[in-house]
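Okay, handing you the structure first.
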Amino acid sequence: MNHWLMMPLLVPLVAAMINLLLGGRRMGCQRLVSLACSVGLLAGSIILMGFAHSGEMYVYRLGDWPAPFAIVLVLDRLSGLLLVTTALLALPCLLQAMDGDDGRGLHFHVLFPIQLLGINGAFLTGDLFNLFVFFEILLIASYSLALHGGGPERVRAGLHYVVLNLIGSALFLLAVGTLYGLTGTLNMADLAGRVAAAPTDQAALLRASGLVLLVVFGLKAGILPLHSWLPALYGSALAPVAALFAVMTKVGVYAMLRAATLLFPPQGPVGGTLAALLPVLALLTLATGAIGALGAQRLRTLIASLVILSVGTLLAGIGQFTASGFSAALYYLPHTTLVTAGLFLLAEPIGGQRGDLEDRLDTGPPVGRPAALGLLFLMGGVAGAGLPPLSGFIGKLLLLRSAPLPDGTWLWGVVLGSSLLTLIALSRAGSRLFWGPVVDTETPTPAGWRPLLPATLLLAASLAMTVAAAPICRYTEATARQLLTPRHYIEAVLNPAPPGGTP
Amino acid sequence: MLLYALVLLPLIGSPLPALTARLAGRTAPVLTAAAISAVALLLALPPLAAAFAGAPMEAYHSWLPQAGLDLGLRMDGLGALFVLLILGIGLLVLLYAHYYLTKEEAVGRFYSFFLVFMGAMVGVVLSDHLLQLLVFWELTSLSSFLLIGFNHQRREARDGAAMALTITGGGGLALLAGFLLLGQIAGTYRISALLDMGDLIRAHPLYTPALVLILLGAFTKSAQFPFHFWLPRAMAAPTPVSAYLHSATMVKAGVFLLARLFPVLAGTEPWFFIVGGIGLLTLLYGAYHALFQHDLKGLLAYSTISHLGLIVLLFGIDTPLAAVAGVFHIINHATFKASLFMAAGIIDHETGTRDMRFINGLWGYMPRTAALAMVAAAAMAGVPLLNGFLSKEMFFAETLHLSALGPARGLVPLAATLAGVFAVAYSARFIHDVFFNGEPKGLPIYPPHEPPRFMRLPVVILVGQCLLVGIVPGLTVAPFLALAAGDMLGTPLPDYSLAIWHGFTTPLAMSLAALIGGLTLYAARQRLFAFHRQRWPSVDALVLFQTALDRLAAMARRLTRLVANGSLQQAIALVLLATILAVYWPLANTPSSITGPVRFSSIDGLTLTGALLMMAAAMLAVYWHRHRFTVLVALSVVGLMVVLAFVRFSAPDLALTQLAVEVVTILLLILALFFLPRRGQSKSQPPRRVFHLLLALAMGTAAGLLTWGVLTRPFDSIAAFFLANSLPGGGGANVVNVILVDFRGFDTLGEITVLAVAALGIQALLDNLCLEAGMVEGIPDRWADERHILVLSLITRLLLPLALLVAIHFFLRGHNAPGGGFIAGLVSAVALILQSMASGIAWTRQQWRAGYRPLIAWGVLITAATGAGSWLFGHPFLTSAFGHVRLPLVGELELATAMLFDLGVALAVFGVVMLILETLGNLNQRCAETRKGGA
Amino acid sequence: MLDLLISFFLLIGGAFALIGSIGLARLPDLYTRLHGPTKATTLGIGGILIASMLHFGAQDNGPSVHEILITLFLFTTAPISAYLVARAALHLDRQEDGDRL
Amino acid sequence: MLNLAIPLALACIGAALLLNFWRLVRGPGPADRILALDTMYVNTTALLVLLGIHLNRSVYFEAALLIALMGFVGTVALCKYLLRGDIIE
Amino acid sequence: MNRWLPQPLTSLCLWLLWLLLTESLAPGHLLLGGLLALALPLFTVRFCPDRPRIHRPLLLLPYLAVLLWDITVANLVVARLILGPARRLRPAFIELPLDLGSDLAVVLLTHTVSLTPGTVAAHLSPDRRVLLIHALDVDDSAELVAHIKQRYERPLKEIFAC
Amino acid sequence: MEALAACTVAVLVTCGVYLLLRARTFSVVVGLSLLSYAVNLFLFFTGRLLGKAPPLIGSTAGDEAPLADPLPQALVLTAIVIGFGMTAFVLILALRARGELGSDHVDGKEDEA
């Protein structure tokens, strides 16, 4: 058995506990530990993705008990991709936090690794209830991280976020309970088989539980009527936290994707409803994000709207249930995660210079260091709005091509219309932030390249994803094919190869 | 390779000017930029030769088939023509710009943007792949945004740039859709391949949508009516930018696209009517409005719109000769309009204004510039012996053969002549109003001088070209034109001659009519201006556009607030509504009954009593929700009944856990109650309450239905495995505990992590917080004087060892009987809290100074290490082991790794509960001290 | 015979528990109500615990004595609970009187 | 004999719980409610022991012990709140 | 002795309690209980800084026997009062002057009062000199005070030698 | 019994949800507690209502009744513990909100109830 699968979980857990033991006074040591943890996670995740790239499913049976009875971890291409995305995101966020934000509250260096633990666990687990546990881990860490630094705005947004997610957790349990009560299992592979074989008189209840799961994951992902917590939360959290949260919505998307391909494939009675519903919700969410971006009065709210928009875009790809749709979404996913995170990190030095204006999108004195900041913002804007030549454009192209006309008319309309709104919003924002009447008053200008490094790293990822688009696309296509044949997953979990056969 | 170098050189070299500016001042950047352009121009020569030789140079590489993205460049005649225009005029503009830009401006940045634009433009005209063309297309929009907004201190510049980007960027999106559609129809995005597939494409049902989308892109870029309005506003750009982008290059990208795709898309009715119609409208509209501009550049901008309309109309006319005329006019317009812009810039530079109402009689101050400008303006008017005349002549000729229009065919020549009239009139105004018409009035800079010689040099070159082409077209432009038009059409060109004199023909008559009419019109301009002011109340497109955008943004805000209005109640209601739909919709849409086939079990009195009590207490909690203290009592009853339910249905572990958790929760609630505001909450509005009640009822019923549906169905679970393997495989008779520490020990590890983080989060939340103690109504104002009650503190001290003994008992037996680490941790924590309640937290802390955070950390680490320990034996994480040891005297003893696991759990749980309560308890202490210190 | 004894203690226990609760429900004020639970209910529990000891003691896995623990515990804590409730009520009453004065 | 006594005793405790709850609802003061709750805890302890006899299962003993313990802690906390507000000052 | 066995009586009690709890006299439990009985007080002794001194522990036994009898009687009495007509009750608060030097003795008396017929301890004055008692049905308050002092306070004084 | 179980869950959820929709943090916390009771009971019930099932292997001699499904019990245990952590957190967050926003209204403002 491949013990590497435990790495993305144990490394952050141990790092967090070491930091807890180090206590609040030894910030330097804590930073070192967190940094080592993040670098280790990145390296380990890449190794895991390498494993997954072979196309084999890696199943890790915790406690050496056979599936479906105990908990298993499963590594497939999708998990590998998301692990790497998370690790890629985490490192710059941590670097940014180490610029001083980590000291603005207690326990940052405990919460941060635990947040990663929760996210990684959610991507790896093959058990529905264990998924709930990892959701709770990532949520409880995110609550504290969102509130890190305090202040009225943060606390109000945090309170709403916490209460809504507690309701979400209750609903999750409701759905899990219903599924267990009907099928008698929690292992997702086993569940898939039992749902498919369920007697017809259970269809309604199964469908209800599937839809409740959709609500739960949708709440995490921020789809249309369930997104209202998102702008305020992302808009108020500290920059590195908001940046890290860019991946949180993707956990919800991941869960939906997993549920829609494994538990409730579109051929079944449950999946049929999901498959019909998902594209509609996706486009509505997409439009909501674009409209929110246009109406945003603060830069961070605008970027938060881009997060919503990205969720809509992802689901628009996923909702097609085709290899090309999945592949488009999976290419778009790391792109949007990293770019929105980069923008969040960028909002900090921009807003920090504008005094009382902060990051409000009103014309004010132009920002200091316009060349560096402006170039980065331009990159972020171009990537975020999906303009060529950066990765956002490629993602959009993949998405549009995955839904040829005339079937894809709605998708094309909404995607392109949203792009226009985003373009307007971002160009207005950029011109208001960077261009304006020159005022004599000296604004404090951040010096040196160090504060801009994390944002640069994240935005450079967009460039890298453009250059490396071909291999990435090959990977995502393979991932999509893997997702569309859940049989392999189920077989790997339930019917392991004889011992000695596989690592 | 050469082609790639040609495109990439300006793009890759673009940072250089900005970098050299930092190092070497003002001249270095322009030299760098010029050097790059010049090298690019040299690089363009070999492919140009190849194009002339009829074997266009091309390079094509497959890159990203999934996205349909390939890399492809091809330089045929049409591309070559545009490359020459772009690079040649670019070089001239660079020279001009060096003198135009003032010292304060960030010249380095300017030239960098300029090079990006140049590279993008070259990319557009050389692309052999639709999507790649689009990439460069959007890049031109972006770089032009930066160039227009270059003087961003001025509002017009900022807003003008944003408007230009919005329109052209939006058009780019339509173009993207159109290209994708075209690719979908043809199965390829390669332009050279598409050119042969015109018939197939035109017959496809998706042809019209694709055409419309592509035309949207082309028209927005080429400022065709009704998307023209951004162009006059883009005049806020520095004049070199206008001369380059808004006369010679960027606005030509749209017409280039029409030319490029002419063999693919042209030749249908939609093409004819849309392209021709829009072109005609634009031609007239631009020509008319140009006359009434007081701003020099404004006049030129509208004139540009009009000329672009002319070219579009020519392409719309859809004959080979019209196409030739269109290409010819592209060249001519580029030369005369660029020179005119430069002249206007010189005037602006030397007088400090561009308003023709103040600028008069410059002939007397700068005669050389005036002469040059007058020649160029004459070309613009279509005066013979100048290049504009030739192409306009061809245009007039082509308007005469529009048989498709039937009886209305006469209208087009008429309209063309009318446009000619206005063109002559505004050209006349440009000449007369600026260079003659008396003396200048109130110029900001007076007296104006001739510009530096080299600033005039580009104008001289361009005007010279106008003359040369106008006089000896056959020796100058003819081969280029033939090559470009030929490669555009892809078919052999029809016979035509570029001559000044074709005899007395109708087109000549039209030209003359235009000349005479135009001059007359200009002579009668006073009356016409009055008429125009009446008819066209001055509406500023920019203001309109801004207002529209602001309204749009406001609407977007309203829409956004419709869902996310910052109210938690609404957000909760939405989540609930979604859930209710998620449950009821499938239930309502499925014919099968919600009730399953399982027979119901009977109710006994005790269970009924417990359930009734539970429900009543819950309702009581709702009824009393404004009386916080009382709610706690009701909540305790619910908790107690839940415990009973767990006992009733054979779950002692659950009962124990629930009990312990319940008490700690109530303690926390009481502690929190102390700090909540005294004021009771007001009642909400009745309609809202009714809505909430309905929502709650619907949700409750949904949950009830799910319960009912599940419980009435047969059950076949994986439980048998646990029951069978718990004792032999896990070494414990308490299956629940074995599941918790072994089968699903991973959940437990996660669960204590959650607890740990919750405690740490709570500590972070209470950091630096100080609250006024609040009270609840019905509870006294004053507290009792007695801090600690003797009876209580004495007894609790005696009870402490007993409670700890019980905790240890629970811990040790957990694997085989109800209990376990979690309960042990909670019980010992409660025992210590009891000490705090009886004797005060400070006192308790004095007696026992353990750090709770290390305890938590060690607890989690022990648990994790127990799991990882199995690696030493080559087993997966969390593999358990147990064995029986015989000790002398003691007897047989069971040792299990589960015990170690549980020890970690107990430590962590104890630490968590203590940390939470202690932090909360300290809150009041600290605040009291703060209050005292403050007072 | 044993069954009889167990039943006796069970009924005694049940009856006293009920009587204590009746007292709580029907006596006129808090201080009088206090008497019911502190005494009757405690004894009620005592009875049931004795019954339990007898019941489980009679089975083959040895004497059942841990019920004594609960009894001890209850007899230790019940008076304190009563004391605290009375103490709180006195405090509240005084408060109200103070307000009235 | 036991078959009769156990249900009777159960009925007694059940009735006692209902009466306690009635007092809890009626109040009138917070002290009355605390008293009622405390009595409920004690009665539940009895009920658990009784259930143990009824189902012939000794595993409920621990739960009974814990209810007694936790009921006491709860009562102390509630009373302490009425007296001092801050229960762990 | 004092360092390793700070509270011998407590340790003994704990050992017995452990055996009660586990209901086992197996050697393993005897040993484990003994270990715990030794170890726990080492930790909890800090929470009992002023350790109560019991002068004549053996006298506790007759006291407890009396108490147990009185509790049984108390219940019968109270049962009659509860079930009888409420109007006949004559409840009253009575102040009981205390003469006990040991805190533990005071606490024991409070317990006794609360567990015995018709009385509940309601408030102990901060100086521990007066115990406020609530009685359910009082004939003569002086007599009740005398009864309590005679039957319970006196033996307690002897036990605690105060 | 099934109906009673369903009814109990329904009532608890109804009460919890109604309290969740009140505008005060304290009510919300109480509502969440009720909701989590309901969900825990529901999860527990999915193992079916086996009233006479022995809870431990070999807890009583000669017991022929089937054992209760232990898995939901373990799940509920985890859920209870996690729920405790979450309730504690949101409660303290309510305190913090009161400190930062000066109000115990969930939106931090008093204008609407």
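In this document, chain identifiers A, B, C, D, E and F correspond to the written order of the chains, with residue numbering beginning at 1 in each.
The working rule: contacts are C-beta pairs under 8 Å (C-beta built on N, C-alpha and C of every residue); 3 or more make two chains touch, one makes a residue touch a chain.
Quick caveat: nothing in here was measured; it's all calculated off a predicted structure.
J.: Moving only from a chain to one it touches, give the least number of moves from chain B to chain F.
T.: 1
J.: In terms of Cα-based centroids, which chain occupies the most central position?
T.: A
J.: How many angstrom between the C-alpha centroids of chain F and chain A?
T.: Here the centre of chain F sits 29 Å away from the centre of chain A.
J.: Suppose each chain is reduced to the average of its Cα coordinates; what separation in Å results between chain A and chain D?
T.: Measuring from centre to centre gives 49 Å for this pair.
J.: When the centre of a chain is set as the mean of its C-alpha atoms, what distance in Å lies between chain B and chain E?
T.: 75
J.: Taking each chain's centre as the mean position of its Cα atoms, how many Å separate chain A from chain E?
T.: 63
J.: Pull out every residue in chain A that's touching 2 or more other chains.
T.: 129, 133, 136, 140, 143, 147, 150, 159-160, 163, 167, 174, 177-178, 180-181, 186, in rising order.
J.: Two or more other chains touching the same residue: where does that happen in chain B?
T.: Residues 566, 568, 572, 576, 648, 652, 673, 703, 706, 710-711, 715, 717-719, 722, 743-744, 747, 751, 754, 757-758, 761, 765, 780, 784, 786, 789, 791-792, 795, 798, 802, 806, 817-818, 920 of chain B each touch two or more of the other chains.
J.: Would you please write down the residue numbers of chain D that are in contact with two or more other chains?
T.: Those would be 10-11, 17, 30, 34, 36, 59, 65, 69, 76, 80, 82-83.
J.: Across the complex, what residues on chain F touch chain A?
T.: Contact set of chain F toward chain A: 20, 25, 28, 32, 35-36, 38-40, 42-43, 45-46, 71-72, 75, 78-79, 82, 85-86, 89-90, 93-94, 96-97, 100-101, 106-108.
J.: Residue numbers of chain E touching chain C in their complex, please.
T.: Checking each residue of chain E against chain C gives 17, 20-24, 71-72, 74-75, 78-79, 81-83, 86, 89, 91, 93, 110-111, 113-115, 117-118, 120-123, 132, 134, 136.
J.: Can you tell me which positions in chain B touch chain A when the two form their complex?
T.: Residues in contact with chain A: 18, 63-64, 66-69, 109, 131, 134-136, 138-139, 142, 145, 149, 152-153, 155, 157-159, 161-162, 165-166, 169-170, 172-174, 176-177, 180-181, 184, 206, 209, 549, 552-560, 563-566, 568, 570-572, 574-579, 581-583, 585-587, 589-590, 592-594, 596-597, 703, 706, 709-711, 713, 715-719, 721-722, 725, 729, 742-747, 750-751, 753-754, 756-758, 760-761, 763-765, 767-768, 853-854, 856-858, 860-861, 864, 868, 870-871, 875-880.
J.: State the interface residues of chain C toward chain B in the complex, per the touch definition above.
T.: Residues of chain C touching chain B: 73, 76-77, 80, 83-84, 87, 91-92, 95, 98.
J.: For chain B, which residues count as touching chain D in their complex?
T.: Residues 605-606, 609, 613, 616-617, 620, 629-630, 632-634, 636-637, 640, 643-644, 647-648, 652, 655-656, 659-660, 662-663, 666-667, 670-671, 673-674, 773, 775, 778-780, 783-784, 786-787, 792, 803, 806, 810, 817-819, 823, 827, 830, 833-834, 836-838, 840-841, 917, 920-921, 924-925.
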